[in-house]
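These notes open a run of structures that come right after.
What follows is a pair of complexes built around subunit A, which joins subunit B in one and subunit C in the other.
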Partner chain A sequence: MSNRYDAVVAAITRVGGVRSACVVDAIDGIVVAESSMVGTDPAPLAALAASLTRKLDGLLSVAGHGPPRVIHLEAELGHLMLKPVSPELLVVAVTDTETNLGLLRLALTDAAERLE
Partner chain B sequence: MRALEPWVESPLTEFLAESSARLVLLMTSSGQVIAQHGFTRSLDVMSVAALGAAIVASTGELARVMDAGSLGHVVHQGKHGGVLLAPFPLGEKIWIGLIVFGQDTSLGLVQVFFHTMAKQIREAAPGSRSDEQILAEQFESELDRSLRRLFGR
Partner chain C sequence: MSDDIQRMTTELARNPRSLIFLTLGEVLRQRGQLTAALAVAEAGLLRYPSLPDAHDLVGRVRSDRGEGDEAFDAWTVALRLNPAHAGALRGLAFLAFREGDLERAERHLRAALSVTPDDPSLRNALQKVIQHGGQRTLPDRPSPLRDREQSLLVDGRGRLFGGRLRGVDGGDVSEVVAAEIAGVMREAGRVTRILALGAWRGLSMECGGSGALAHFAPPTDSTVLLVMGEPGTPVGRLALEAEASAASARRWLERYQ
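And then the complex of A and B:
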């Protein structure tokens, strides 16, 4: 059962510059599957990513835009990309600044389709 | 929020702000209450502390019988929220956090901020007081004293 999730995570980490990839239980904010470089703790990442997605979902709902398809945050030292799969599941990727964001977005979309 | 040990207050306040937990009880593994937030009746605290400590004790014993090491946190997830029972070491003792949370937060968030709080409590603990032995014959009077201080009566 977990192999399906592990395979999805492995596919995301094959994109250059990805430091951490997780499948997250979006309701409980806990890790379902993950692959992270040393020094990245997936538990807080999963919890905060699920919380952020829930809040942005509310914001977009207020704006009348419907649920988010992809959430992308750009920071000084890298990017965070979140792809909601369903109300229960979320795919998360943490990258450095050099990542090909188009490729990453395709990888997350592909991951979501495999998990649907 | 009320606490018997003043050095617990700051980590607990931070935990409450970050996790959005509704009810929190910090207790020793014998069920002595150290701090509480959200409870309005001392009877509730007494019952919840006793039941929480008993659940952690039985879970630990179950793990021992199954030769499973430690089973870690106990989570009861309901439709409108959940309960986390989380033992953590403090010196040579085990303390237990019992956290009731609703749909405005998540199990993951509560666990993440609980780990942070446990670390802060370990760093703030003076050591001597937390290692005090509570004898069985002192337990009831100790419990009454704790409840009076926790509820200001």
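And then the complex of A and C:
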């Protein structure tokens, strides 16, 4: 089973500029599988990704929408992109500022489909 | 090219980190060489993004080029970096005066004078504004978001400043969503801080079920704007629309806060 997760994470990291890619347990906010550059700790990434997804899910639900499909947080020094696979699982990537966001979105969508 | 400009250009070429770009940019601006002045100012800003004087210089050049929105943004950043920056206050006063908002112009000039009380040009400008006081008007801007449906401007405590949002069933969900946005704003800040990503600039998502798009942008450090897009709206287009609305909201906030 872990090989499947590892393969998914490896595919995401092939997108240029990805610093860290994870499969995350969305309920507990813990890492299921990850591949990160040296110096990047995936544990806080997993916890924060799960927490942010819950917040946004709450916001959408009060407006009558379903849970978020893709989330993209843009910051001064990089990007965080999340793709919920199910209520229990997320795929997550952190990138630098130069990454191709369209390719990253496709990679996360493909990863989610492989894990469904 | 005058000797002074030649000398400063040579010095800058020899030492690109030199602060001489501030003087060179200003001299070029005063001579009306606005394209060259902007190039010098923006190159300097790239090296010194936290230097208020660099943003002030960009503001002056942009203003001379008739680019009021960009000048406003530059001076606003300068003030964020140094709330007592007299040049930025003067610049914002000038823009306000040009828009006919004399009350705001006077407020900025008084703030600038509290920093440099002996500046005769500031005193003259304030005098001019006061003389025009009888014609004081505020442009009609009842809402920061009047041109955009399905958007909300909210502060970090969930207070709604403007806009309106309808839920999927057509009901007004502005207040409840505003309360949720405050939590999202804090969470986005926490994420970027802990992951060392710098300040967050935007957050977009595709909504399940409806397929609608949502984009959050922070017009200021203490406010956030939510713009919703119909299903099928290109993500990039919604982000651009949100940025434009955020710029409008920023000006509105600066005017009324």
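The working rule: the second predicted complex is superposed on the first by the 116 of 116 C-alpha atoms of A that agree within 3 Å, B and C clash if a C-alpha of one lies under 4 Å from a C-alpha of the other, contacts with A are read in each partner's own complex, and residues count from 1 in each chain.
As a working rule, a contact is a pair of C-beta atoms (placed from the backbone, for glycine too) under 8 Å apart; a residue touches a chain by one contact, two chains touch by 3 or more.
What you are looking at is a predicted structure, and each value in this text was computed from that prediction instead of being measured.
S.K.: Is this a clash or a fit when subunit B and subunit C both end up on subunit A?
M.R.: Here subunit B and subunit C can both sit on subunit A without a clash.
S.K.: If you stack the two complexes on chain A, which partner ends up touching A:15: first (subunit B), second (subunit C), both, or neither?
M.R.: So A:15 meets neither subunit B nor subunit C here.
S.K.: Go through the superposed model and pick first if A:28 touches only subunit B, second if only subunit C, both, or neither.
M.R.: first
S.K.: After lining up the shared chain so the two structures overlap, which partner does A:92 touch, if you call subunit B first and subunit C second: first, second, both or neither?
M.R.: Neither partner.
S.K.: First (subunit B), second (subunit C), both or neither: which does A:43 touch?
M.R.: The answer is first: A:43 touches subunit B but not subunit C.
S.K.: Just subunit B (first), just subunit C (second), both, or neither: which does A:51 touch?
M.R.: In the superposition, A:51 contacts both subunit B and subunit C.
S.K.: In the combined three-chain arrangement, what's the angle at subunit A toward subunit B and subunit C (CA centres, steps of 10°)?
M.R.: Apex at subunit A; the opening toward subunit B and subunit C is 100 degrees.
S.K.: After the superposition on A, what does A:112 contact: first (subunit B), second (subunit C), both or neither?
M.R.: neither
S.K.: Of the two partners subunit B and subunit C, indicate the one touching more residues belonging to subunit A.
M.R.: C
S.K.: Would you give the minimum C-alpha distance from subunit B to subunit C, in Å, for the three-chain superposition?
M.R.: 11
S.K.: Which subunit A residues come up in both lists, the one for subunit B and the one for subunit C?
M.R.: Shared contact residues on subunit A (touching subunit B in one complex, subunit C in the other): 44, 48, 51.
S.K.: State the interface residues of subunit B toward subunit A in the complex, per the touch definition above.
M.R.: Answer in residue numbers: 77, 105-109, 111-112, 115.
S.K.: Quick one: which bits of subunit A touch subunit C in the complex? Just the residue numbers, please.
M.R.: On the subunit A side, the touching residues are 44-45, 48-49, 51-52, 55-56, 58-60, 62-80, 94.
S.K.: Would you pull the subunit C residues touching subunit A in the complex into a rising list?
M.R.: Per the touch definition, subunit C meets subunit A at residues 165, 167-169, 173, 176-177, 180-181, 183-184, 187-188, 190-192, 194-210, 212, 214, 235.
S.K.: Enumerate the contact residues on subunit A facing subunit B in the complex.
M.R.: 24-25, 27-31, 43-44, 46-48, 50-51, 54
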